[in-house]
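In what follows, chain A forms one complex with chain B and a second complex with chain C.
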Partner chain A sequence: MKSVLPLFRCLTSIERNVERCQISITPPNDQVMIQFFCRHGITKTHNLCFQESEALQAVFASHLSPNVLKAPARLLSDMVMHFPVSQEEITLSMTPLRVSLRNYYEGGDDHMKNMYTEMSLHPDEFDYFQIGVESDITFCLKELRGLLSFAESHCLPVSVHFGAAGKPVCFSVEDMVLEATVVLATLIDSESRGPSQPTETLAPTTPSCADAAAAVLPVGSCEADSRKPQDIAAVMELIASSQGSPIINPPALMLLLPQIDDSNKLSVADEACHSATTTPASSTICSLLFRALSSEDNDGCAARLPVLAFHSDEEEEDYTREQSCYT
Partner chain B sequence: MKLRGRILDVACLNRFTRVVTTISKLTKVCVLRLTPDNLFFVLSGKVANGGIGMWCELSQANVFDEYQMEGVSSEDNEICLEVTPENLSRALKTVQSAKAVKVKLTKKHCPCLTIAAELPTMSSTSRVVTHDVPVDIVPRRLWHEFKEPSMPDFHVSVYLPPLKTMKNVVDRMKNLSNFLVMEANLIGEMNLKIETDLVSVTTHFKDLGNPPWGDDASQDGGPSHSREPEAMVQARVDIRKLQQFLMGQQVNPSKAMCNIVHERVVHLILLHEDVSLQYFIPAVA
Partner chain C sequence: MPLSTQSQADDEQYVLVASLDNARNLSNILKAIAFKDHAIFSATPNGLKVTVEDSKCLQANAFIQAEIFQEFTIREDSVGFQVNLTVLLDCLNIFGGSTAPGVSTALRMCYKGYGYPLTLFLEEGGVVTVCKINTQEPEEPVDFEFCSTNVTNKVILQSESLKEAFSELDMTSEVLQITMSPSQPYFRFVVKNLKLLSTFGNSGNAHYDYPKDSDMMELFRCDKTQTNRYKMSLLKPSTKALALSCKVSVRTDSRGFLSLQYLVRNDDGQICFVEYFCCPDEEVEE
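And now, the complex of A and B:
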């Protein structure tokens, strides 16, 4: 993303000069071409190399979470503002009477010297408050700050779905043109045990570009050393592509993956999360694969990967391809 | 030992926060002394601190609307805590909009100064924020190190130029040299000088005025009477210490003075409303 960002950085000059922006991939090259068609007949072309890589997927059916909070991004920002920027991890507690945030430190020598902060809110402050199980979840605050500042700048409400400690927590924002989800692992046990599990962001999704000929989606299989292919599962949250490819409801998608059965899906998520946290390459996980809707899908490596945004005229072919992944 | 205080006035909370923030910029750790009437932030001039001494005094009545304090014992009715002022500053900054802020001495995982506040919200409910700032209790046998410093026998006392101007000058001088000479005389002139092999730079300030300490102030009898008014008294100090002092100031003080003991120490005094801050920078050879 570091190569892509500078191209879009100067919004004012883009608004003034650029008439059209086209993003495309030509199959023979490993390159993404971003073209700005500007005034006065000027065309700026940027070619960026990309590498296909495997991304981690978060298997998390957020609609099944027992606890749900919805609030304007501003409220959540106000909550986390009480904690220092250097605060790594934070514990969110939910009871029928209160939602509270505390900072979290792993046990250590300077345990005594840390400043502890706690803030709690009444459930009425939230736009939506659903409590299924009283829980304390501990997750990485730094990852959340990014999403919150994004949501706040767009004035979007944020939804939080979570369950008991150890199950992932899902933060999502939704707009007319985009849907963004951040799934974070949480510590299994709120009382810290010896080596704590690093919390990770798995497969953050990105907004789809309105003018793009392609749909943006995180695609890939879970990178797990000891996992068998059967354990690979697809992301449950889907992004509405601008071309209107069908959105598959998660339960329907589950049926397409014969080896995974419903009762195990959340535990697979845990295992996926655990394995994700232990694989060496899991520290930064984000992989995008641009796929033009009309392109031929004859890449050898792509054939192995489940595709989520189904090509509107090639559904059957994709289904068959997916089946072959798991046999 | 017991401490319970409540700050209800927004202006008082604001001012207290600013004082604590200034202190946090001057030192990482300091001692907070609480007596029935006052609060003191103290840094004793030990070698470990680079010889820097600091004494900041404010009256508790101008901070707290309610204040209950019970010291270590009835004869030693005060509380002496070692605290990281940055933690305190951070905690206070987040509760600026509160209707009431409670400050208590508590024992959680360790002795703590707990800052608790209720923050107003759009709905009728309120948010509760609690910060536990860890502190170390200073034992009585060490209290003598944190006594109010006596006024040094200064040779010259002069009002300081606007701190912002001084800061600009010192910031630029810092690039050239590690040491700076501060000198002043009895006719309200002050110079800041640096000297290196390649260059020497001097900034002159005139018409600053000399504070009237009076004859009974500790201007030592012999030498000062025979000292000519234009004669400069100087002290060479580590420029970073002076810069640190100037960087920390958030408000323009109503009075800012500098006392110099020839080649011994620079004593800076700032007064703002009812808060006084004294800063001692030792001279180096």
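And now, the complex of A and C:
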């Protein structure tokens, strides 16, 4: 994306001069061509290299979500405005009487130093309010801010679909010419046990997605049966406490683009997982991520929640293993 | 004006006297070539030529005809000296260079000859400043041997269209490639986007095409398809001249040498020229 943005930076000059913009890919080049047809017959052509990759697909039925909120982007922006820019995650709580947002901090070590903020809104404030299950979901605020500023600049309403903690939350905006969806994983409630997942909340937009607004998060999923029971507990705990820290560098995650499926990778990922018990929390998260990426979604095992993303390849695992050495 | 009260006798000792009511008519055009500290001044009865060079590969010339000056007296056929251009520009702007209408700095530039400093009398609002800048022996400017008979391709464009292109072009690219051709793409700039070297390895490129029948194109005379590459670092200073100009002529000769000529209108609407010569980086066979 970084290569493409500068081309569209000078909006005023674009509005003044450009009559038409054409974006095309001509095989066999690995280049995308962005052409601006300007006044006076002048043509500006930019060729940028790209790499093929499969886009992640969110397998998430937002219409089945028990809870739905819809509000102008402005309202949601005003809500998140109260949180410091550095705030990583927030918790959205919904009851029949109110919707509230509060900041989320990991661990109890320095909780005396943090400032806790909570704000509540009455359901009437929202254009649409539907509550199926009372829930508290915790997700990454940074990702949301990006979408909200985009929606606000286009004066679009934002819809929020979610369910219980642990299930993904979906933010979407749409108008006549575009539809944008951001699916974020939410933190699972640390009290609950069982085969459902430890979840991931951090993931930036993958660079392969042409639509900048459609960010998809890989969700960690573990085959409970293949892991030792104590691993699960350890992992669950570790995840809950390590949510606050920026464990994974966006660049690392960006490399986790799904590649060609290779069933051999599953075993490699297994190893990564088992080594998790001996490595710090951060690398555990990384390992889990691999696990999810490489496991197939096909089995429809009832004990497992659907995997939102799949496929990874060896290079990337090596990279992340490397990463975990440094954390 | 206080400057005119200088006794006539003084003038006898100067080989060159040039006066301007508005010093900006000189300073603006000199800024367009001020990419190096030193400039070679060469005065003839026709006017003043100021030359700045870089590593024998790039040469910029500013031409200010005698008619531009309110007074231009020269007692020899040719007067030449070298002077620190940065210092000269600082002096010309000594009153702060305000652009308030009606307020301008008047200039009287005097030179006694070899070995003497260049004397500038500057006046604004009744305040007079005298600056004496040491001169050096003028170096011989490089002769690029660029003559009209050797010109293979020539286009004249309105600067407006180029100004934007150059401001957008990735200036960190090392090389600018110019193609001129009697057939498509007629007139094209290509820049390789080294800055955008992505993790995918290969960098991209950008090219700007100007068709020969564009209404920005005032003259299009290309006989032969030529593609030449020039170091961006050499051409960058020319963007200052481009910014001031209303028209630019781009010519290449059979060796691939580039001549850029800019038509600049000063504050009073008079015309001056700035010219850049640049040698090619490497011949590219089309």
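Here is the rule we go by: the second predicted complex is superposed on the first by the 186 of 327 C-alpha atoms of A that agree within 3 Å, B and C clash if a C-alpha of one lies under 4 Å from a C-alpha of the other, contacts with A are read in each partner's own complex, and residues count from 1 in each chain.
Here, contacts are C-beta pairs under 8 Å (C-beta built on N, C-alpha and C of every residue); 3 or more make two chains touch, one makes a residue touch a chain.
Worth saying up front: this structure is predicted, and the values here are computed from it rather than measured.
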_With the two structures overlaid on chain A, would chain B and chain C clash, or do they fit side by side?_
fit
_For A:Cys10 in the superposed arrangement: first (chain B), second (chain C), both or neither?_
second
*Can A:Gln31 be said to touch chain B (first), chain C (second), both, or neither?*
second
*Pick one for A:Met115: touches chain B only (first), chain C only (second), both, or neither.*
first
_Under the stated touch criterion, which partner chain does A:Asp124 make contact with: chain B (first), chain C (second), both, or neither?_
first
*Does the superposition put A:Val177 against chain B (first), chain C (second), both, or neither?*
neither
*Considering only touches as defined above, state whether A:His46 meets chain B (first), chain C (second), both or neither.*
second
*Please indicate which partner A:Val133 is in contact with in the superposed arrangement: first for chain B, second for chain C, both, or neither.*
neither
*Nearest Cα pair across chain B and chain C, whole Å*: 20
_Those residues of chain A which chain B touches in one complex and chain C touches in the other_ = none
_Residue numbers on chain A that touch chain C, as the complex places them_ = 2-3, 6, 10, 13, 17, 30-31, 40-51
*Given the complex with chain B, which residues does chain A contribute to the contact?*
81-82, 84, 111-122, 124-125
*Which residues, counting only chain B, touch chain A once they are in their complex?*
84, 87, 90-91, 94, 108-110, 112, 121-134
*Where on chain C is chain A touching in the complex?*
161, 164-165, 168, 193, 196, 198, 200-211, 213-216
